[in-house]
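Chains here go by letter, A, B, C, D, E and F, matching the order in which they are written, and residues are numbered from 1 within each.
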């Protein structure tokens, strides 16, 4: 379709115990790769979109395994800078009834975290590109990477590339004041902003107390601050110990709400990234706003049924859930 | 008890990813054997019934493993024809919240699919037999096997053997017109018919639109068409993303409904086959109709808690669920 | 804190099929160690309490693996008597929807079951000890062990050690008449009694029929019979096929009820033992009764989320669930 | 062929750590069933021989799983007495270079060990039988079982059934003096004796010191003591840390030696039982002595390549190894 | 380097039991993809060569998983025809001491086997291509595919593309007479022929009896028959039950022999395909003949250490083994 | 025995693919903990020695799992400093025939690597201690840790504690010049030095070229440089692709050589650490030098048969291998 997407961020090795074991029980780890922008890239590639992922990874076999995990699903990896010594790792203990998800980072000192702004040649990377996506995690990793995001945004603007950013506040990586300062510099370049309540509170210190429609409020406030074309948001609510409700919204001049899904969850990670991929796919394919929010919401819903960070579903599967009167029984 | 049952159909190797992984993720497959009529045979054997299974399997070790999977649970395998080159396979991806079950068949060209009507010597097989069971899958596999079913039915009738058939419509194996033609030839020999709404619509093009009691309607219509002694049916309804409701009915001159079970499901496959086994057991043991529908329904309910195609439960376990005031806590 | 706890009972090797398989399906067993009083000891050690476990285990490597399983979590094992030939084993098939939990004991003839009263030197074991805990399972294993419990209780009383006992009736180990006789001899030494309805019915033949608050009634009746300082109880109720409700109570001069938790359950075993550990921790740390019942109840709730017999949670985690306005989402 | 074989002994649950882990490392056990005479029965069934196994097993699911493990390979289990509480267990740690195999028994108190002589109705069991096989392990388990062996031998003799016995001395089950006394009572009924050097030393206190051909010496001495038609023996010698040499002998009026195999070993257990099955098959099929020793030796060699207690090989596979100029490359 | 390679053949799903289990034991299969020409493609891609693989695979997820297995290692999959219903499967039981490798094919009726010559558009596929490789398996699958090979060879010749063919005789796919006829039509287009003794005997009925240097003889005879630039061969010899010797040769105007490796083998499959990849890499990079045979031989040796069909080694690793004085100890 | 040992070093999380898979293949990692001095500590504890391990580990659950891995085998962990963010990790790909072991470090930035000299309070740690052991890895991790080693050595000397050091050169952690400088400062405090050829070459730039007895030469040269009481060494030689020869030596005033073991190897890591533990045990128990070298050598030999970093063997097992005429057959 002539569209080409770039995403930029860190690829982490995710290590998680199987069978809901605790860290102090496990003697083996399930190993997959993931990371916000990589997840979005894989999701887009599974939707048939031409997408290339930018990061830095060590040249050693553990880094290569990361590259392979992306190639496997068709993501172009030729823009990945190779070098450095370590790969970022995160340990994941899965939520089990009242026991919450636990994440332990082992990513300080990774090749990406130590990479320099100048290692990313945006002029070359953006050749033929029509869409640039990243999240607030990338500038949070280091000041150099904040600079890299800004440099990328400027180059993108110069070339008329659409820029989308998922604010994705991570309090373990930076504090609100720093986040506010950096993101305030970045957001003027962003066309499409994905932001949930926590992001808005964490980064821009918005106060949603007492708001009846907090997602709308967040969108309105952010659109006052920055020239976003729209603000999108996805949120899940625990409706019982076994069930969550998922819904999302795109705010342009008004709020477009998706329908709601009641889900049980196989994997809690990457649902926001899958939502971003759904949005980008919808916009690239000129879906109207209501159709876009349904598609993105269904993509995010299906992500909750896929183990690992990556959303391994097809456009057909998303469309069927978003728009068809689905029967969940076996087809045979 | 002097009763001896024959079931006839294809035994497939079932390959499914563990831990709810997708086909594009898994690097190993859980391997079990199954198939409608084999499932019913194993279930009956676990109930203590003398049962023999008729099929064709290659003489090679993968075929032998299929034979062993039946012997393990006490099914007589001496009537299995050995020969041919390939075993039928089906790949199974398990339903996970909004993501539906996915089945991919790799059964064309199997030893059974290529087998000839004449390979099954019903005169010899039916010696001492009192009950013959098969499903609509068997005649759907090939015209030769449709002929084999008809031949078996004729021989059974001649000998006064009770014949039960689960209509089991499979749209991936044949179209409605063909199914109608073949099943219309078979059904006159059938004493006990198991049929749910989808089967009746798929094979006999019944229209259940607007029916308040569609199962009753289906039973009544089928009993107008064929000289069935009764029509039985089992159905599950998704009541929430984590829960299904299971109920069943036997229609003789009126409808006998079972109580309802609210279940979470470990394995979606084989519940209908388990229901058939429950029915056959109940009839062989002269249960009255209400007791029969409760027993069969409870057997089907328990199947949903057993991994694989086979229902590995005892008569005591079924009775306890069907008729006792069950407490589910640990006994120790 | 100067507090030191002793628990006394049998450590069993627990063998359970993975992935909810039945005993007749599995070709491998998950192997963990557990047993009522060992579970309480591990739980206390994870809470930072100085605790030592008393039992008898064979000197061979399977016995050593049992010792190691306790040391791993910091329990002192220097009081364990080593010798004998066999380890007690229990096979566990996990509850799956309508299919109930199944436990098969293989513990007759174990080193502990054959051990003699005289092998436990309470004078030496109780040096510096402030709390002694055991359950009704220990005296049920053999008359010698009933004697050992009485000897321990007497020595504890002499030294002013607090004694707690979880009545824990096991009908597979002894009958009600014997239990009544032995426990009636033991209970006068007990300060804190943990007892649910089934225990009271099984051991003391209480009749709770028609009682509006059966837990209160049991506590009141038991306190009439024995000089307990309090009676505590925890109970779960199946509220749907996927959800249980957990609540507990401490009765002193009146009933203190905890709040309720709606849980899905990963592991059904050891929740009562975790409750005892919560109680002991709360009393050692001078929690008031309401805070104690909340802490113990939350500890028991979290146990249901941990695979195996042992409750692998920290004081922080219990406090967060018991007293904080918990959000269950990922922290990262 | 009209031949029907009975074997009699204990079926044990074998639990072994995977991947050569030690007992103190493993958190899961591979579970298979085995036991000398059961192993011989399965092996014979895999050779196409009609064979029935006699033992006692609990009626519970762990006992049923044992029954199923035999049915799976076609062994008749209708003569198995069902009852009792416990199953015999053995823990197995596999030999790894200089680290020797370690076996820990947990079989005292099993249903079989506690079974009575009178529970085995040899008159009924031996109907239509032509061959009876057991090993020295069975009478070692208990005096009642020693009596059962003697009763079986007497009944066998009365009916003209061929009796074979593998002496199989187990020093963990009985001492030499008792063994001598009991086996001296049994051996007069035995036609075919399988005995290696250790058995002869352990049970009959033979002294093989300085013998050039110890296997021949043992055979000759035993044949002086008892009216055996032949004595057969199989032995392996460690030729390097990775390789064993396997050879065997049948002594009638002279020694017939098999060729030697140099093997690496996947599983050390059950090779002698596989040898017995090879012998019985050969005699039933009227192989001459040299051909018999080659067949039995090759069967035993192949057992070393099969994981678990059972020898899962066909007559064709044994013949190919015993008699063909084997090429070990892939056939495709 | 401007070189681009095409390989053409069938991608099979390979299912093998883990831990050297037999087919009749396993309850799960390790699943990888492989096939002669796919293996060569992956190997080349791991060497940094630009390579594209041509085959036909179903559009369903099992087919997609096959595509992904190639993309993961960087093979271009854009020339793969998608369609058809079934994937070819082969079951693999691994050689274990005297027990030989066992392969069972389940590939009849696969999308590739049923594909038509006209589905492969060589004019488009060969754009920019410099090397074409396939093996004798491809024309053996069906007459249509034999035609496709011939069509490809003709188009390759027209464009000056180098053609290499590994004769790879498979007696389970065709007989010698058919093979001779078809391969005699193909070989005139081949520049580089890979052939071992079995291939030459099977396809061209050469008689190597009594030849001192059978590989040289085969090469000389083949070069008399066809205008090959060279004939290469690799062979392994069982030197003990745990060790094989690997050596290879390239014959141009004389024989160039590699050094010998004594190996223990993790995986027996794909060593010849890895050898072909080594050869192609060496020729593309203008290695002299002696260096080429050492590189290809070392690549094949390393393949024996990699599980699965694919050779996952780098040029550095091959060079280190082929040309360095290797120390095998840990580097850290 | 009144002896108490301290070891000091880094505990790493070791992640390795199972079944000899490569890093680019695995989707799960076996997780164990290890590290030179921790390995020695666990080994000593398994020998019944009172040993405490000093390191720094994060307070989070991954750090706690490391603590637990030591407690499990009885090592005292009360001297471990808790704090920091990350745990050191190493990825391990196991040697497979010609494919060498591959180690990838991810340990920069670990809590230990960033720890300060002042965090280790040797005055408190050494209370009641009689032996201090560390290796050359610890000072190589950082200058602060080099200082910590020196401070520990000085305190040890002051208290008359025996000091042993395994030189253990790691070229990935420091270069020869730095190593020489630091180790030259440390070695004057060392009583017992363990050093193989590579260590001596790497750290002290010794030249062993042409030495007939390089281990003796190294020992003699080191004893010229430092006031060691003895120098010990263990070395393995690849004698075939499946077999290594292990031997060791203690040099006092002359060389005492152990006997040789021909081993196949399950795990290549930690054999030197096990050797150190053997030496320390032998010296603590006043073995003479020849007996000491045999014990230590046998301990190291057995380590090669145990998976993971830790040597899980008992004194009895080592003695049996070192001094008994071992038969490797099953005892049962």
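We take it that a residue touches a chain if its C-beta (ideal position, glycine included) is under 8 Å from a C-beta of that chain, and two chains touch if they have at least 3 such contacts.
The shown structure was predicted, so the numbers you read here are calculated from the model rather than taken from an experiment.
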| item | value |
| --- | --- |
| Steps in the shortest chain-to-chain touch route ending at chain E and beginning at chain C | 2 |
| C-D compared against C-F, more contacting pairs | C-D |
| Interface sides of chain D and chain E: same vs different residues, half threshold | different |
| Over-half contact-pair match to B-E, picked out of the listed pairs B-C, C-D or D-F | C-D |
| From chain E, the most remote chain by mean C-alpha position | C |
| Whole-Å gap separating chain A and chain F, where each centre is the average of the chain's CA atoms | 44 |
| Chain B-chain F separation of Cα centroids, rounded to whole Å | 62 |
| For chain A paired with chain E, centre-to-centre distance based on mean C-alpha positions, whole Å | 41 |
| In chain B, residues with contacts to at least two other chains | 18, 22, 24, 27, 68, 73, 102, 105, 242 |
| Complex interface listing, chain B residues touching chain D | 68-69, 71-74 |
| Touch list for chain F against partner chain A, complex | 15, 18, 22-24, 26-32, 60-62, 64-65, 68, 85-87, 89, 91, 93, 102, 104-106, 108-109 |
| Touching residues on chain E, where the partner in the complex is chain F | 18, 73, 242-243, 261-266, 301-302, 304-308, 312-313, 317, 321, 326-332 |
| Of all residues in chain B, those that touch chain A in their complex | 19-22, 24-25, 90, 95-103, 105, 170, 172, 238, 240-242, 268-269 |
